[in-house]
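Think of it as A, B, C and D in the order they're written, each chain with its own count starting at 1.
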Amino acid sequence: MIIIMKPGAKPASIQNVIKTIQDHGLRAHLSEGDQVTIIGVVGDKARLAHSNIQLAPEVEKIVNVTESYKLANRKFHPDDTIIHLDHTQIGSGILTVMAGPCAIESEEQLLSTARAVKKAGATFLRGGAYKPRTSPYSFQGLEEEGLKYMKTAREETGLKVICEVTSARAIETAARYVDMLQIGARNMQNFELLKEAGKTGIPVLLKRGLAATIDEWLNAAEYIMSEGNENVVLCERGIRTFETSTRNTLDISAVPVLKERTHLPVIIDPSHAAGVRAYVAPLAKAAVAAGADGLMIEVHPCPACALSDGPQSLTFEDFDHLCQELRPYAALAGREF
Amino acid sequence: MIIIMKPGAKPASIQNVIKTIQDHGLRAHLSEGDQVTIIGVVGDKARLAHSNIQLAPEVEKIVNVTESYKLANRKFHPDDTIIHLDHTQIGSGILTVMAGPCAIESEEQLLSTARAVKKAGATFLRGGAYKPRTSPYSFQGLEEEGLKYMKTAREETGLKVICEVTSARAIETAARYVDMLQIGARNMQNFELLKEAGKTGIPVLLKRGLAATIDEWLNAAEYIMSEGNENVVLCERGIRTFETSTRNTLDISAVPVLKERTHLPVIIDPSHAAGVRAYVAPLAKAAVAAGADGLMIEVHPCPACALSDGPQSLTFEDFDHLCQELRPYAALAGREF
Amino acid sequence: MIIIMKPGAKPASIQNVIKTIQDHGLRAHLSEGDQVTIIGVVGDKARLAHSNIQLAPEVEKIVNVTESYKLANRKFHPDDTIIHLDHTQIGSGILTVMAGPCAIESEEQLLSTARAVKKAGATFLRGGAYKPRTSPYSFQGLEEEGLKYMKTAREETGLKVICEVTSARAIETAARYVDMLQIGARNMQNFELLKEAGKTGIPVLLKRGLAATIDEWLNAAEYIMSEGNENVVLCERGIRTFETSTRNTLDISAVPVLKERTHLPVIIDPSHAAGVRAYVAPLAKAAVAAGADGLMIEVHPCPACALSDGPQSLTFEDFDHLCQELRPYAALAGREF
Amino acid sequence: MIIIMKPGAKPASIQNVIKTIQDHGLRAHLSEGDQVTIIGVVGDKARLAHSNIQLAPEVEKIVNVTESYKLANRKFHPDDTIIHLDHTQIGSGILTVMAGPCAIESEEQLLSTARAVKKAGATFLRGGAYKPRTSPYSFQGLEEEGLKYMKTAREETGLKVICEVTSARAIETAARYVDMLQIGARNMQNFELLKEAGKTGIPVLLKRGLAATIDEWLNAAEYIMSEGNENVVLCERGIRTFETSTRNTLDISAVPVLKERTHLPVIIDPSHAAGVRAYVAPLAKAAVAAGADGLMIEVHPCPACALSDGPQSLTFEDFDHLCQELRPYAALAGREF
């Protein structure tokens, strides 16, 4: 932590800051410039966290030197995290493709989709049983009944299954049926939910919030990890900007930024980012080329009949075609698919 | 709902859309332009909600004519909602000032603040017992112990008390101690929480999400109201933009926009919007001048010692001075304070 | 300038940075923390500007301690700038109201507006002769003919007149007719235009770019001032965000932020910010309450006939009513109007 | 154009709108819903452009059905535009790589870079002679001297050369030396400059403004094209968002969106988008995979000595390595490189 004093700060103000630092058992390192005095804090800055030193007289600003997330930080864990689930894995040398409908609507809809995405190459089936919808009058999901269909699909196809959870109660139920929990964008800073997901020990896919910075996102991952669950996968799904041609703006740069800052796997959801079916394939290829560990893609037997997100869903045929197109890109990126 | 066909759409595509509309028991109204054909849908469009008509061949786009929120919509409820709490009220002719610390830290801290803000003119004491913090290593709140102090403060001063809730469990506990529940920005689209808050019947202050449009915010209010709780107050607290001089960007225009679209009271939180103590007073005055029904302001006996949000908290003296400055502005705006 | 090294940076990397600093005739101040080493640079950092020291091995990041704008900076010029134009002024104790049509359409349109806004209390007439329009097929302005009408209006009413300029040629022409030049939002970083406006010595109103940070805006003002023209007024007119209920989002916090960072006068344009006539009055009142030095408001004899920006223009009657409403707000804010 | 009336609009208001439409020689098509009446306008809506019909009594909103850009619109020009320059081309089946320093600093710097990028596979040399810099105290470019070095580099290497222009005067000078003009992000809506560039007939690379929507960008292209110059290439270089990990946020989705809306070639500048050298390669690969027609990349003989944008520049070796990596991606995307 570095404390920058206002230009021409009085010696008494500088001494006051130094004393505060020392009173917390830390060392202050003084650097007097021509215009500005800077005070470095040496030691564990957590001790100063509640001192609000930025309110001391003539303090201009505080610069934090170290990130507040530790477990998710590549600096303290240089090797890539690999999440093993039986015969499959997420991370390092594998391209993981998760596919399925936005919302689970019926057993037949889910099973037919499971068979189709399995055949095309997916290793995970996605499907929403608890749907966070903007309007209370939209379809809200089949809840536990949907989870039962997920389990059936898993048993029949051997796919791993992942489902979004939106409350502690949903986590408790879902934990009995699925291989992986998903925390959605709207709940990325629902810290109670993050802690509950952390306690289960089940792998968690954490979607980025619509307006979350990458550092806030990594701090959200830290909530899950600090409960003892280090099996976290980050999923970029578009951020909110002024551009309205797409539902959200896919922040493709998040892939290399995350690869630098964290050891956790990173996957991309081009369906929610684009919101338009025709843009899903180019964004999926871009994601693989940028170095993503996987993709999450919406697929529906009949997009025009879907109860949620039809316009961005691929048909079985579209998805099969996309998987074929993706194979050589995965190979170039050094990933098995 | 209006359906705009692509230029030169084939008659078969147009007939297909018309048939879909009629199959849902609605009437289609055809308007053939030189370049473009437009089809109006007459009747209850909710019947079409799951038809994904935008995926039909040669459909260019869909334009919704009516809002999806009903209970919060001024069109169907022209008169201002007034929320009555014993001898005080929120809305219509009153400027409601809520003040207190970001986080409840001790009984003494809370009681001294309650006395000071009451004296200056506040009618509500705010204070956080459950704190959603970006990092899991920051102070997370005193929970039920903090709520007990709130109750004590209420009994001693006669102030109404409001506290943020972050989980169904917190709502259950808080309901025994407070007059009003607060849903924070990070939980604005935590729909499970909104529904739980709706079920209590206790007045709810709903903060705007960092990246929520005004229409998404009104839909979030609709979640609470559709559970039978119409006592909702909207609180603008800054949105996320590219500008970093302030913690968030206060969207002051939200006041007149909301006054047009909804009958619910609107209050402004200049403390979280600014993130800097010196900007709180000018923004508070601007809010009153723009027509807000109230203010929520952070006050702390010793901002430099605060466990949370110290830099944006006012001292007792600052707050007292601000209230004096606000009085003539409230009078100009036709509000008692 | 502060240089933060990566955790565990090697002594050779640290020595390399120190040597670079010393080679530029500056002093390096070393601060070794437990995890991180920090190097302060003492002396005129401009000497280091081209050294790209952030590319040196094991440098984590660079923190700038001082702003790059000097002439616009309140630190070096603590007193408010007042711009005197004959019997009127902008800044300090005065509320300056500029009003008029978006585009000058005819002599009669401009003169009737001039008379009406003068009567209501404006001291400046605004009117566009060179219109930067999103589409090349929209009305582009009357150019010099429009400027002549401005001059006529000035002579008849005694109002000062201001007009937007969009090219060096337009500046040359406008300089013969108007009292103040306006640089629009789209040209805020058209640095050639800023320099040309700087050379004229005529007062300049500099609108904020749609996506310009406050610091970029002050650097744009610095371009004008560094040509010897210190008569610059800053005009906030809304920034681009995700919210679409208003044409732009008025950043009302810019008023207190600018008052802290610069000595230049600050005015608000609620018309372009809102884009909707009904929101202009509440935003104008908020601007005065927040401490703005003035307002720029679009007024048109017949908004429904306007060739540009009709939806956000006030009628004569609306404007007169608004001026009456603003008077007590101006008085409260300590400004003559 | 569709006009949506307010719920319960009076017959007189509806008749008034119909009359206005008919008075402009157009046909009105009435569609009366249960709640809302909608009026379609049949005919050339340009006739209505100045009528401000949205201000008529009880009009709720106006929906535009057709885009305002025509020459740039794929609807009226379905085939891809290919820009031919002697033996090379931009668009359709080719991956065009433009590379070079941000700013031209010396003949030796430019020539050595030209040789290196030519050898690696670039067909265009980029280099700035007129630099729009945020602060007036930063290096502003060598101007005509720099252009002479560009010409020398072209003659020696056979590369095509492109240079940013920032004023009418710069266009006049640059036209004598370069093969292609670049309009930078800050000048995307400097309409005078666009018109001047249009008049030259020289191919123009138009960068997207920091906060420009895709439709505004296409309208800016329309300004150039409407002067008779149809050789326009669009260059996405990152938009401004709340995320600060990268200098800007690369909007990779702009590639498929533009491919749908326009026939003009699209290239990506990953250097300015990222602002960080390590992110350039993954973004460049993503751009090719998403379907871009080319790349513009900053290369410098010594990034650590660069007078501008050093942190985001590649060394010769980096660039050569990137070109080798890009080749199989170009092949997969069906492009020669």
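As a convention for this text, contacts are C-beta pairs under 8 Å (C-beta built on N, C-alpha and C of every residue); 3 or more make two chains touch, one makes a residue touch a chain.
For clarity, every value in this text was computed on a predicted model and none was experimentally measured.
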B-C or B-D - the one linked by more C-beta pairs in contact: B-C
Interface numbering overlap (same over half, different under half) for subunit A and subunit D: same
Between subunit D and subunit B, distance of the C-alpha-averaged centres to the nearest whole Å: 39
Computed distance of Cα centres, subunit C from subunit B, in Å: 31
Where subunit C touches two or more other chains at once, by residue number: 211, 240-242, 244
Touching residues on subunit B, where the partner in the complex is subunit A: 46, 49-52, 54-56, 68-69, 132-139, 166-170, 186-187, 189-193, 209-211, 216, 219, 222-223, 226, 240, 277, 303-307, 310-311
Subunit C partner contacts - residues on subunit A that touch it in the complex: 2, 4, 7, 29, 31-36, 38, 40-44, 60, 63, 65-66, 75, 240-242, 244
Subunit B residues within the subunit C interface of the complex: 211, 213-215, 239, 241-246, 249-257, 260, 273-274, 278-279, 282-283, 285-291, 328-329, 332
